[in-house]
Amino acid sequence: MKCMPGCAHCEATSMYIVVSLALITTMGIALARALLGPSVYDRVLAVNMFGTKTVLLLSVIAFLYGRPDFLDLALAYALINFIGVLAVLEFFRSRVPDARERRTGRHG
Amino acid sequence: MTALFGVFLLSLLVITAIGIVRATNLFVAVMLMGIASLLIAANFFILDAADVALTEAAVGAGVATVLFLGALSLTTSRERAPSANALVSGIVTVIAALIVIYATFDKPQFGDPNAPVHTHVAPWYLDKTPEYIDIPNVVTAVLGSYRSYDTMGEVFVVFTAGIGVLFLLGTRRVSRSLEEESKINLGLRHHLIPRTIGRLVIPFILLFGLYVQFHGEYGPGGAFQAGAIIAASLILYALLEGERHALELLPPQVLLFMMAGGALFYAAVGIAGMLLGGNFLDFSVLLGDSVKGQQIGILLVEFGVGVTVTGTLLSIYHAFAARNTR
Amino acid sequence: MNTVLDILSWILLTLGGLAVLTGGIGALRMPDLYTRMHSASVTDSLGAILVISGIMLQAGLTLATLKLAAILLFLLLTSPTASNALATAALLAGTRPLDDEDSGDAST
Amino acid sequence: MTLFGLFNYWVFAVLLMIGFYAVIAKPNLIKKLIGLTLFQSAVFLLYITMGRIEGGTAPILSGNTGDTIYANPLPQVLILTAIVVGISTVALGLGIVVRIREEYGTIEESEISEIDQR
Amino acid sequence: MSGIDAHLPALQVLTPLLTAALVVLLPARTLAWAAATAASFIAFAIASALTLAVLGGQTLDYAMGSWPAPYGIALEVDSFSALLLLVITGASSLALIGGRVSLNNQITEDRQPYYFAAWLLALAGLCGIVVAGDAFNIFVFMEISSLASYILVSGGPDRRALPAVFKYLVMGTIGATFYLIGIGLIYMMTGTLNLHDMELRIVEVADQRPVLAAAGFITVGLALKAAVFPLHVWLPNAYTWSPHITTTFLAACATKVALYVLLRFDFFVFQGNLVNHGMQFAAFLMPLAVLGILVGSAVAMFERNVKRSFAFSSIAQIGYILLGASFVTATGLTAGIVHMFNHALAKGAVFLALAAFATIATTTRLDDLSGIARRMPWTFVAFVIAGLSLIGVPGTAGFISKWYLIVAALEAGPLGIALVAVILISSLMAVVYVWRVVEVAAFGDPSEFDAASPPRALVVSVWIAAASNIGFGLVPELPVTLAKAASMQLLEHVL
């Protein structure tokens, strides 16, 4: 399905594959960082990294599959990822005073 | 080659899932959920389900994360008691997993074009949609017209969840505590860079949400995704500008009206079909030309869906956030 | 013309892949949060620029290019913002850079 | 390719059981809901997998009426619905957890039943 | 008028559904209650009209969006669904009209519109399941009704309602997801979601493992929803701590609708087609039914909280229904289906009476009901009638179903004798747990009660429920005719 005459497409396909392999590997690494931690912020960092890599991967795959109209998806991911990371930070910060209160509450 | 992507992503997914279950910090578990959701969505994309991938990303990675975080900020982020019956449960689940895997052995192979799913009802949708409805996105056609009744049910499920959260948590406590809220020098709204960029980005996200809403007949997208994206952008607004501004923009009463109004609007379109001589949700009688009627019907009901989803998700978010500021 | 574009996007994509991978390895191997963040966020932007412009060359002047441009713009806006918010949050919460403690609490 | 012919189904089974394990073994209520989400995601994977055709593409008709193969749209529609149903359930569940925390001061199942026994 | 007639199956669902959305927008509180009650009564009227049509011998089909059946979603009303529709809408109407005072005591005014909206959604969801002819559509409406019931239960004034409803939510979601997996596997093997189409197409793949797994998943999932014996753990607490009126409504219909789906699936889709499925069905479910009957009744005898005691009794009653179905004979099925109807009458009346007691008593614990018969003699008499019906005393509705059940058991040969013994023992246990309450209420020392006079509307609806227990006990034609027709229909698919 993918090989057009002149095989220019094949050429393109192989370079997409190379770059998507790099992206997937990096996603794996980001996941490892997310699982290893150690701090919550490391994990947020990993999540953010993972998100941007997913966006890139999706853009590449959209072209690999020859359906560039699916770029909408990559765009949506980029938006959602940003909101997600900000939300994590916001809620984590707003918890700081509350956490102290909880600790005293538990003993009482 | 691309199948290997799938295998790789799925393996990552399983690792993430194990990480989620093992994490004792619930914040971490929720963040890993976000990653898992992105992985699942990427998988859906590879499996040729663009619409579902978009939904999973918007709902799973976006809205679900925010809701979980909202709930966590009201409860506690540490899982305390170790699981008491871990061993027994583990054995039970392993046995169950083996049974499920055993049951898969007769399944049609992955992607087999002769599998029953591809030979019975589905080809009809693919063949007849150009004739009856004439929009490119068959998923939207099935969702909006052929199985429109399910979609209406789904809108009411969302509505029910909204009602439920309002019933449990209420929306009334906001105004009292706003001054305290601004005293706490925490949160994004006191930081210049996120705030500026956020302000820059929000209109863009809203625009994109509208694009997804009205482009759903031609490309991946539709009202659920759009509703989730629009709600997410307004949640971002609330994060950056504070609850008060967000609620001034869209007061709870308006959100409630959106929740109920969208669902009612959906049903009203269906009833219009009934009054014009068709069955419930028969859009072909809406206009003289039945194909045009179907298209306009799908557009209208999708509008209803978008309004309800946006209203409900925002109501739920505010219900959590309002408790948060007490 | 076509070959030139192909070669160019090959180069861009490969470099992008390398950048992304480097960032990933950095995020895995660096000793503390801030260095990891440094490695991840810089390569994030660089990788995004390289990969997406590589694809853009392939896409030519279409709607897809426009969308890619939107994605790129968005990533360039949000990714550093997220990193910044993350760094601020981590610093406020008391996580200090590893080796230079004096400058750690001096300013944001 | 046949090696991975059923791989997606196996992942479905494993994911299903990881989620199920979290639901039955973890005493923390939020963890239970997280498990529930995973559990449901597994089902989504099952449906989408069965809708795929080798060499096909997403069911968005591209105009040229060639012999392009399209994936099955129906499971995708069902899963769109199911995803939204899932998030609704989880939202309601979280609402209940927040109320439990307010009333009992804990979200651990064992501690809640201890409080109730008193 | 024929125009509206044709739309009745759709209107049955739409009336409560749309009113639910309207109710939350209504400004005044009393209006919310009035609208909910009116919608419920209209639904009851529609159900009656549908029943009349079904009794006339027709099966009503409705194609949503005018799309033909396997492609669009079909609705279908036959005698089985008509019976269930009557139960659901009737229980809802009675509970709503009588329950206003009880609700005002238990739920603050500003939350009431949400409560009524959830009530109507639950009603619409249950009706939607019953009229659906499409497997996935059943899932969607199951979720509407489940989410709405979680809300209804969570309204309980005692905080113990919250953990109870959480457990209900988790187990309910697992059940629904199992069901979803099941229909996914069937869809995978047959390519269709329409129940009739499924029945035709499953023959070709009947012996393959995914279909067997699907049967397992669907049965377990629905058994969870229906609180069949070992999977019942969510039920007692959810019923005990929810608002009294919620308990009345849910106890009368929620679990029965899950059983309805289970029976429909099993008989329409699996029984006739899977090898030996009839045997397996009986072999798996009969022991569970018997255990459920015995354990449920036994626990009910020792529970100190009356509501909880009757919740356990419900588990036993679900066992009866299942026992009847597991004979896979016409009499057995008739017994099970009639018992769905009669148990709804009896249990609805019992819980309504308890709701009436609770308007003046502090709790529903046995000790707190002591001597209440003197304060509320009328309600007490109605409670006794409902209790007799639950036991199965001749002249009450409960007797009819027990009678059919015993006949069916005797038809089953030697094993049947043992089953008759089980039924009799459990009926004796029912005598014990009903008598316990009667004794304390009638002869105990009066405990402290509120000065408020018992709400008249509630007493009236308790009496309507109690009277129909006697009415359908003396003139059981309606449920029995419907149940016989339903069981014939179900068995048609087996042979």
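Labels A, B, C, D and E are assigned to the chains in the order they are written; within every chain, residues are numbered from 1.
The working rule: a residue touches a chain if its C-beta (ideal position, glycine included) is under 8 Å from a C-beta of that chain, and two chains touch if they have at least 3 such contacts.
Just so we're clear, the structure is a prediction, and the values are computed from it rather than from any experiment.
Comparing chain pairs B-D and A-C, the larger number of C-beta contacts belongs to B-D. Using the average of C-alpha coordinates as each chain's centre, E ends up farthest from chain C.
Centres computed as Cα averages put chain C at a distance of 31 Å from chain D.
Rounded to a whole number, the gap between the C-alpha centres of chain A and chain D is 20 angstrom. Rounded to a whole number, the gap between the C-alpha centres of chain C and chain E is 58 angstrom.
Under the contact definition stated at the top, the residues of chain A that touch 2 or more other chains are 44, 46, 65, 69-70, 72, 75, 79, 81-82, 86, 89, 92-93, 96.
Touching two or more other chains at once are residues 16, 20, 33, 50, 55, 57-58, 60, 62, 74-75, 78, 81, 85, 88-89, 92, 96-97, 99, 109 of chain D. Contact of a single residue of chain E with at least two other chains is seen at positions 136, 140, 143, 147, 150-151, 154, 187-188, 193.
Chains touching one another, given as pairs, are A-B, A-C, A-D, B-C, B-D, B-E, D-E. Across the complex, chain B meets chain A through its residues 1-2, 5, 8-9, 12, 15-16, 19, 25, 27-28, 30-32, 34-35, 38, 41-42, 45-46, 50, 53-54, 57-58, 61-62, 65-66, 69-70, 72-73, 76-77, 184, 186-188, 194, 198, 201, 205, 208, 211-212, 215, 219-221, 225, 229, 232-233, 235-236, 239-240, 324. On chain D, the positions that touch chain E within their shared complex are 16, 20, 23, 29, 32-33, 36, 39-40, 43, 46-47, 50, 74-75, 78, 81-82, 85, 88-89, 92-93, 96-97, 99-100, 103-104, 109, 112-113, 116.
Of all the residues in chain A, the ones that touch chain B in their complex are 17, 20, 24, 27-28, 31, 34-35, 37, 40, 43-44, 46-47, 50-51, 54, 57-58, 61, 64-65, 69-70, 72-73, 75-77, 79-84, 86-99, 102.
On chain D, the positions that touch chain B within their shared complex are 1-2, 4-22, 24-28, 30-31, 33-35, 37-38, 41, 44-45, 48-63, 69-81, 83-85, 87-92, 94-99, 101, 106-111. Residues of chain B that touch chain D in their complex: 3-4, 6-7, 10-11, 13-14, 17-18, 20-21, 26, 29-30, 33, 36-37, 40, 43-44, 47-52, 55-56, 59-60, 63-64, 67-68, 70-72, 74-76, 79-81, 83-86, 89-90, 92-94, 96-97, 100-101, 104-105, 107-113, 115, 117-118, 121-122, 125-126, 129-130, 136-139, 141-143, 147, 150-151, 153-154, 157-158, 160-161, 164-165, 168-169, 218-220, 222, 224, 309, 316, 319-320, 323.
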